[in-house]
Structure formats: structure tokens, C-alpha cells
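What follows is a pair of complexes built around chain A, which joins chain B in one and chain C in the other.
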Partner chain A sequence: MKELSLHILDIVKNSVKAGATLIGIDIIESVQADELTIVISDNGCGMSKDFLARVRDPFTTTRTTRKVGMGIPLYEAAALQCDGRFDITSEVNVGTTVTAVFGLSHIDRAPLGDMAETMTTLVSGSPEIDFCYTHQTDTNRFVFDTREIRKELGEVPLNLPDVILWIDAFIKEGLTTLALSRGETNK
Partner chain B sequence: MKVAELADKLHLECLTKEGDLNLEVTGCYIGDLLSWVMGRAMEGDAWITVMSNVNIIAVATLSNVSCIILAESVTPDPAVLEKADAQGINVLRSTLSSFEIAKQISEVAGL
Partner chain C sequence: MKSLEELKAIREKALGQVNMRTEQEGNIRVVVGMATCGIAAGARPVLNAFVSELAKRGMNNVQVTQTGCIGMCRLEPIVEVYVPGEEKVTYVKMDEEKAARVVVEHLANHKVVNELTIGAVEK
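Our next item is the complex of A and B:
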């Protein structure tokens, strides 16, 4: 995929299908370590050891369940092709964590993409699920947590157009501030 | 034109044993971004790529291409040919660039 945020969308959809009520998306951009790390964790139904062993193989996954498809194999390949690493841990009834590490300055690393759009897409599609997105650099950190927003909104659903617009602006502003703090103007 | 004939005319090295060399080559697609190729390569295409991980076999299976042609003498990862044979996918290899291979396919197959 042309942007890493498309992989994030894909992997988070697996968490939604797994019945998660809380999904964490943690992005760590470290210029010092020259690494971009994306950790997606959920409290969904998890996978058995047997399924976990097969889930990275494009064949067993596409053959047995269409819903998983090529998502994980392509995400893993995206990490490995820029000298990265990839790992999945999972426990039944506890949840799943997918960790991908990319060489930050590697020429074959796809750009991160639009995280504000990614998060609003996810919140619009699953307003009942809580999302916690953190974005960290060597010096600063941005946090977007729907649990905090719910405290303010009370019973108001998160997928109302005004709320989505606010979320979009909030994340864009937060990420711009994050980029400025390290002397850059883009992601 | 059949895969076997194409392999012969373009001096392609056939890396697999179990593929069906009688498949008809009806087109050609060049691409290395697998998610992109998945939605665009057509059934019967000869797919030219420099990617060499096992996911290319999965993409070939999904898109029903007639063969994969690895360009510029790319060496596939160890598991690739095993998977290809298990799935009956033709994997061929050329020393030429993607452009040169496509040009020759166009000439010899009249595409």
C-alpha cells in the first residue's frame, strides 16, 4: 500500500471484527533510533496459538477466512522491506498486539499518510469503540483518546458530523504542533 | 501464446516444476506494489515484477495471472518456489529489465 495509514486501517478492522471495545494505536517516530514504530493493540477475542502461527502466511489465511486476507502479510512485507521488524502476540479472550517497526529514513518506507483522516474514518465506522491514538517523537507526545472526549460529550455519539469535524481538526493541529516541535513542517 | 512458448522465445528461465505451462498469456502487467497489483493485474496476464517474497505467489493465485516473470535476475526467497509449486504457479526469470521483457512480450505475442 502506498501509505502506512492504509495498513493501520486494515489491521484495526481486524480488531473491530475481533469484538474489541478498546483499540490502541501507538506511533513512535524516533530520529535518534532511525525507527518508526507502529503498535496496534486491542482487547478483542484474540487468536489461538494455532491460528497465530498461521496468520502471517498469506495462504492459510486467504484460504480459510477471507476476512483476514492479505492484510497481515502485506503489512509485514512493508516493514521488512525497509529493514524493519514485525511481531504479533495474541491471547484468547485477552487481545492482540501487532507491532511493526520501519526504518524511518529507509528509501522504501512508505509515508505514514493522513492520520487525522484515518482516525475519523475509524471513529465514524465504529463510534461505540474506544480508540486511543498516541504519537510520539524524540521530544514530544500527542494523545487522542475517545474516552476523554466521551467524558465531555456524555451521551452524544462520537459519529455526529460536528464531533468528527472537531476530531479531525484536533488531530491535525496536534500533529502539526508535534512536527513543528522538531523543526519540520510535514510528517 | 502459451507460457511455454513465451518462455522459449524470450529465453526465460523456468524456476518452478508444477506450474501449467499451457496457460495462455493474454496480456502483461508490470508492478511491484503488491496491494496495487492485486486489484489491477488481469487473469491471463504475464506479471513482471522485481519483488521476491512469498506474497507474490499469493497475489498470483488471487489474480489468476498466467505466470510471474522475475526481472533483472532477481533471486526469490527460499519459500517462494516451494509455495509456487504447491499452488501450481509458473515462476520464470529473465536477466532483462521489466521494460525490455514487456517490449519483447508485445513483439512475440502480438499484444
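Our next item is the complex of A and C:
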């Protein structure tokens, strides 16, 4: 994948499929530690010990249209190719957490990419699920939480085109402010 | 600055339109394949192109939804168009420009873009 945000979209789809009602996406960008950490956590159905042991194998999948599942293996490879780490913990009926750590300045690290588009794609695909996206740098923090938005919208669904456009602009603006605060003009 | 206040305005506007929306008959469905294969091939910008083109034209009789792997990964991004009473049309190897064309020619003017369909590409 060309962007880490595409991996995030792909891995969060697993949480959606697992019946999660709340999915957390936490990105921690630390220049000091030279690490980019992405934690995706959900309260979905979780995985058995046996399935968890096999889940990184590309020949493990729950889909029925074909016999391979490349989402997790590709994500793991993206982390490991830039001196990173990769870990999955899961408990049946509690949820799953996928943690990937990337060398921030490593030449083989893919750019984070368009997180606003990843979030609008997720919200428009699953308007009934709550997403909480936090993005932290050494000095600042941006939070996007659909629970806040739902409070304002009441019975109006989150996948209304006007709402999706608002979310896109809100995240783009928040991340630009975050980048400016650490002296960057271009991400 | 984007504020939560703006959401209140969106809510008011939407509540006023709810009835109009449900009364419209014959909703068209656009389904974009969004599994690992679709995402890697560029399905995310294709989906967003559909959403923004439709919003631009105020075509709220078209619903854009997502699905998993359709089983023909080498032809991704794949988009299926369901028009009530007509046969399903499958577009393959899509990109943002092709998505805009499908919105104008097929969804707005009811003319299938034959050269982008699976039948034409697979020959």
C-alpha cells in the first residue's frame, strides 16, 4: 500500500467485521523517539488463541470469495521494513488491539497519507459505529470522536453527504494545525 | 475554524429534507469493493469521487455503499451499479476520472459507459 492510512482503513475494516461498536485509532508521532506508533483497538468479538496464532499467515482468512487474506501480513511487513514492531492482542468477547510501530525517519516508511479520507470512508461505510481517532505529536494532540458529533446531530445519520464533507474538512484542518504547531508547513 | 455549531445547522437542514428524501422512488445503488485488494488498487479515492460528484450535483437519489472482496482482485477497483428494474452493471479498473464519467453518463443521463464495464475490459 502506498500510504499507512490505507493500511489503517483495511485493518479497521476487520474491527467492523468483528461487530465492534467502538473503534479507537491512536496515532503517536514522536520525533524525540523517532517512532510513529499506530494503535487500532476495538470492542468486537475478538479471536480465539488458535486463530490469533494463525492470523498473520496470508493463508488465513475469514472471507469466502478466495483463500488468502493479505491485510495483516502487508501491514506487518510495512512496519518491519522500517525497523518497526508489530503486535496483536485479542480476547474473545472483549476485543482486539493491533499495534504497529514504524521508524519515523526510516527511508522505507510509507507516508501516513490522507487520514481524513480514511476516516470519511469508514464513517460513511459504517455510520452506526463510533470511531475515536486521536493524533498526538511531542507537543500537541488532535481528537476526532464520532460520539461528540452524534450528540450534535441527534437522529440525523452520520453518513449524510453534508456531514461527511464537514468531517473531511474538520480532520484536514485539525491535522494541518497539528503540523504547523511543530514548525512544518508541508506534511 | 470548523465548529460543532455547524453540525447544528446541518441537522436543521437535514430534518427539513427527511420527508422529501424518503418519498423519492427508485433509489440507485453504487457499490464499491473495499477489501484489501480494492483498497490497495485505489478504491478509496474512487469512493470519495463518487460521494463528492454526487454531492456537487445534489443527486441524493443515489446511495454509495461499500462491500468486501468481489473475487476478481486483478480487476479492482470494482464498482457495481444497481438501477431498479435494470440489470446490474459492473465497472472495473476504476479511477477518480472514470468515477466522474459514470456519475455524469450513467447515473445522471442513464447511459451505461460500455467501454469501462467488465464485458469490454475482459475481451
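Going forward, the second predicted complex is superposed on the first by the 178 of 187 C-alpha atoms of A that agree within 3 Å, B and C clash if a C-alpha of one lies under 4 Å from a C-alpha of the other, contacts with A are read in each partner's own complex, and residues count from 1 in each chain.
Heads up, the rule we're going with is that a contact is a pair of C-beta atoms (placed from the backbone, for glycine too) under 8 Å apart; a residue touches a chain by one contact, two chains touch by 3 or more.
Being a predicted model, the structure only gives us computed values, none of them experimental.
With chain A as the common reference, the superposed partners chain B and chain C fit together side by side. Working from the superposition on chain A, the chain A vertex angle toward chain B and chain C, CA centres, sits at 80° in steps of 10.
By the touch criterion defined above, A:Met1 lies against chain B and chain C together after alignment on the C-alpha atoms of chain A. Look at A:Asp162: by the touch rule set out above, it reaches chain C but stays clear of chain B. By the touch criterion stated above, A:Met70 is placed in contact with chain B and with chain C alike. Once the two complexes are laid over each other on the shared chain, residue contacts for A:Phe59 go to chain B alone; chain C is not touched. Residue contacts after overlaying the shared chain place A:Glu152 against chain C, while chain B stays out of touching range. By the touch criterion defined above, A:Thr121 reaches chain C but does not reach chain B. When the two complexes are overlaid on their common chain A, residue A:Ser41 makes contact with neither chain B nor chain C.
In the superposition on chain A, contact of A:Glu173 is made with chain C only, not with chain B.
Within the superposed three-chain arrangement, the count of touched residues of chain A is higher for C, of the candidates chain B and chain C.
Measuring only between alpha carbons, the smallest separation of chain B from chain C in this overlay is 5 Å. Overlap of the chain B and chain C contact sets on chain A: residues 1, 6, 70, 74. Considering their complex, residues 1-2, 6, 57-59, 62, 70, 73-74, 77, 80 of chain A touch chain B.
Those residues of chain A that touch chain C in the complex are listed here as 1, 6, 9-10, 13, 63, 65-66, 69-71, 74, 114, 117-118, 120-121, 124-125, 148-149, 152-156, 160-166, 169-170, 173. Listing the residues of chain C that touch chain A in their complex gives 1-2, 4, 6-8, 10-11, 13-15, 34-37, 39-40, 44-45, 47-48, 51-52, 54-55, 60, 64-66, 68-71, 73. By the touch rule above, chain B contacts chain A in their complex via residues 33-36, 38, 53-55, 57-59, 61-62, 83, 87.
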